[in-house]
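Next come two complexes, and both contain chain A; in the first it sits with chain B, in the second with chain C.
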Partner chain A sequence: MLEASGMMVFYENMLALNNISMNCESDQIVGVFGANSAGKSTLMYALSGIILDIKKKELMAGGERITVAGDVLFDGKALTGVKPSKRAKMGIVLCPERRRIFKESTVLENLKIGGYLASPAKARDTLEFVFSVFPVLDKLKKRIGGFLSGGEQQMLAIGRALMAQPKILLLDEPLLGLSPLMQAMLIRSTRDIRDQKKISIIITEQYARPVLPIVDYAYVLENGSAVLEGTRNDLMDNPDVRAAYFGI
Partner chain B sequence: MEILIYGTINSVALALYALGFAMVYGVSRLPNFAHGALYVLSGFITWTVLNTLGLNYFLSILVSFAATAIIGALIYQFVLIRIRGMEISEIIASYAIALAILEGMRWAGFKGMNYTLPVFIEGSTTIAGVTVDVHRLIVVAAGTALFGLLWVFTRYTRIGLALRGMAQDERAALMLGIDSDVMAVVAMGMGSLMAAMAAALLLPLGNIVVESGYNVLILAIAVCIVGGIGSWGGAVLAAFIIGFAQILTVVFIGPHFQQVVALFAIIITLILKPSGLFGQQKELEERV
Partner chain C sequence: MNVTTEQMRRERIDRGIKVRSDGLYALMSWRELSYLMTPRTILIVGMLCLPLLMPGAYWQRVMSIVCIYAFLAVGFDFLAHYVGLVSLGGAFFIGVGGYFSAILNTTFGLPPLVAIPMATIAGAVLSTILLLPCLPLRGVYFAIVTLMYPLFAARLIEAFDMLGGTDGIMGLDSFPNPMLEQYFIIGMLLMMLFAMRRLVNTDLGLVFRAVKDNDQAVRASAMNVTFYKALAVFIGSLMGCLAGACLAHIYMWSGISQFALDFSILPIAATVIGGSGTLVGPLIGCLILVPASELLRDFGTLRIAFYSLILVGFIVFRSDGIMSWGQRKYEQFERWKKI
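Let's look at the complex of A and B:
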């Protein structure tokens, strides 16, 4: 469904992504694991096209020179140079790191803004779906986004991304800074979303253990390179991986 | 009583001046220094259509609305979009556009005191012993209605919500498929439309003169700075504070100090609370 090959991203002369090739099939959950600065977020930005926006802004402000190379194919269509808003319309929706919810708007407004691309009927259906997956949001509908707890904000961010009718949802570090209980809940919800909505999900995380049970396939990034990849069981059985990423 | 009524009228007028400016800045972080120029331009468009083409007054106003909104959007699409995000360049470029429009109109012969627009309804009425022109009451009513409409627009319509999302976090909005370039053009078109609406309501109260373009800009900036730049609610509140302060000054000190009040308000705000009453410019506050 989403296929990247030879992805390279440079920030000035710093290589942030080194020849990454990855693949996500329909209805799959694909994990991307790696430490800080391994290139997870850059990969997400490259897939969703946000990197093009960052590049444009940097260029205008005379900041860092960003170079992007490689091909991304989505449903067989090449995405090179396609604007991020267009990619979102095609169905690649990013739920960004640190959630970035609209802090001055209410929960309901956040979700409605997320439904910008959806038809009114679709938006209503999805809103119901989001409330069924995250019942807490239904109760907090009128609350201002900035007053939510971290876990609630993360649910809101995922719900908002769902409102944009993704075919493939990119979750960038959804578990960051959350309690183990909340992490487990979010992971369960992620799987439910995949099962019920029939969408593909790419999920990145520093720490693989909480996420690994639900992924079908995973990649391990280190300094911008994919050092390992395999199915869940392949990675589970690999002693290096267990030591380095799972803390087992 | 006089103070209350004329203070309210003056405050609504100030809020009308500032609304478009606040909206454009709030959504796309563009300090649109051409705002006052668009205000005067729309007045002259109405005047020209009314007097040379001989269209009906109401239609002329609609023509000026459409023309001003399109001109604003075009200015953004063809000039300002290239320097997006560089505030100093945006100020210089939009101010240059303002100069070009205003001085261009002066050069084209729009000067002197002979350009006036008729008021909507002639006559005056008495409220609680104070004589008020009917048109001024229309200004208050229409202004309030406009704020109400804008409030509904930004909360319940798809485009309005998208604009608010973009105002809060442009990149997060982009991830949801909200194209920031398109939205910024829409915002600029709407901001210009609001300048035109303010002009249609307020210009009949006086002459259309090129200089008022600069005054409107100064007042709009004063209101936005006091209210906290980018905050619409703050802008309305600030309009009332400055509006009443101006009327009080006129009554108790002297009419010629009226213009000073707005500038004085800017200075006081920048000294006491640089981010304004409801500003989100925390970094500015920290820096100062």
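Let's look at the complex of A and C:
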């Protein structure tokens, strides 16, 4: 469904992504694991096209020069140079790192903004779906986004991304700074979303243990390169991965 | 699968001489020394030659005005990009400095070269005290409040008919001779400029930049944010008041038109054009903008339209400013490289 080949991203002369090729089939959950600065977020930006936006801004401000190379294919269509907004319309929706919810809007408004592009009927359906997956949000409808707890904000961010009717959902570190209980809950919801909505999900995380049970296929990034890849069981059995990313 | 095309990317690398002259080793070779000295020498010598190169008294006067604006622009750049206080109150500093110098000169009979430094310091102290209540404000709110200060001061003077009212204070002594005027202002400007460049790299400058970045973290490090902001405003207004005091003696007059919006807006435009956060950039911006606006005077009111066009062009196409661009060209080279 979403296929990247030979992705290279340079921040000035620093290589952030080194020849990454990855593939996400439909209805799959693909995990991307790696430490800080491994290139997870850059990969997400590259897939969702946000990198083009950052590149333009840096160019305008005379900052560092970002070079993006490689191909991204979505349903067989090449995405090179396609704007992030267009990609979102096509169904590649990013739920960004550190949530980035609209802090001054209420929960309901946040969700509505996410569903701006969808038809009203679809938006209504998805809203109901979001509330069924995250019942907490239903209770907090009128609450201002900035006053939510970290976990609630994350749910809201995922909900907002869902409202944009994704075909493939990119979750960038959804478990950042959450309690183990909340992490387990979010992971369960992620699986539910995949099962019920039939969408593909790419999820990045530093610590693989909570995420690995639900992924079908996973990549391990290190300093911008994909050092390992495999199905869940392949990775589970790999002693290096067990040591590095599970702490077993 | 599809074919991955061979692609090229443009690489940006520091020039060897730049890297070599970064450290103390620069002192050991004339080439590295001259690499470091050339831009600074061009600036200093260029500025010092300016009055001699100008065709007549009119253009010499324009150069003085350039320097007046440059003071404000450097001060604005310092406050906005090193302390995070976007001050639109340049005119307020000019007015305060001007009036102080006028009073010292006319009432107490001090000669200009004594009145100006005294007015600078007194004006900066007064400006800082008056701005003290607004220091907790940040961003656009500080900008709005500081924008109001000059308007407020002008209306106060007008309404209460104090300090000469709408006529202003007349009969100030001018500088002893035009060349002294020019070189006094240019000398002070260069001194201030290099002092500022040094200041922002000291520990104090570090604190200033930290205040800009995250004032909560600074507060958490047991530093008094308001004190440092006040200090920064004092330094910034020092430049503005010096400019104002000089201006009053150039025109031999101090009045409410010194609180005009021009003094607040033009320095900002100059900072944008010259390159924000470089300190020298604003000076270069003034060197372009002020003479340009003089040259465009023939077009009458159309002047503003041309002026805006230049500004919009710069913001859209070169928003990093001349100085940042030039610095990059000077320090780095580019080459195409296969990925």
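Here are a few things to note about the model shown:
The definition used in the following text is that the second predicted complex is superposed on the first by the 248 of 248 C-alpha atoms of A that agree within 3 Å, B and C clash if a C-alpha of one lies under 4 Å from a C-alpha of the other, contacts with A are read in each partner's own complex, and residues count from 1 in each chain.
FYI, a contact is a pair of C-beta atoms (placed from the backbone, for glycine too) under 8 Å apart; a residue touches a chain by one contact, two chains touch by 3 or more.
From a predicted model like this one, the values you see are computed outputs, not experimental measurements.
Superposition model on chain A: chain B and chain C are shown in a clashing arrangement. Of the two partner chains, chain C is the only one that A:73 touches; chain B does not reach it.
Of the two partner chains, neither chain B nor chain C is touched by A:124.
In the superposition on chain A, contact of A:160 is made with chain B only, not with chain C. When the two complexes are overlaid on their common chain A, residue A:139 makes contact with neither chain B nor chain C. Contact with neither chain B nor chain C is seen for A:188 once the two complexes are overlaid on the shared chain. When the shared chain is aligned, chain B comes close enough to touch A:112, but chain C does not. When both complexes are overlaid on chain A, the residue A:84 reaches chain B alone and has no touch with chain C. When both complexes are overlaid on chain A, the residue A:61 reaches chain B and chain C alike. In the superposition on chain A, A:198 makes contact with neither chain B nor chain C. When the two complexes are superposed, the chain touching more residues of chain A, out of chain B and chain C, is B. Residue overlap on chain A between the chain B contacts of one complex and the chain C contacts of the other covers 60-61.
Note for the complex: chain A touches chain C at residues 5-6, 8, 10, 12-13, 60-63, 65, 67, 69-71, 73, 78. Residues 48, 50, 53, 57, 60-61, 83-85, 88-89, 93-96, 100-105, 109, 112-117, 160-161, 163-164 of chain A are the ones touching chain B in the complex.
Residues of chain B that touch chain A in their complex: 82-86, 155, 158, 161-162, 164-165, 168-169, 171-180, 182. Across the complex, chain A is touched by residues 1-2, 4, 7, 9-13, 318-321, 324-325, 328, 339 of chain C.
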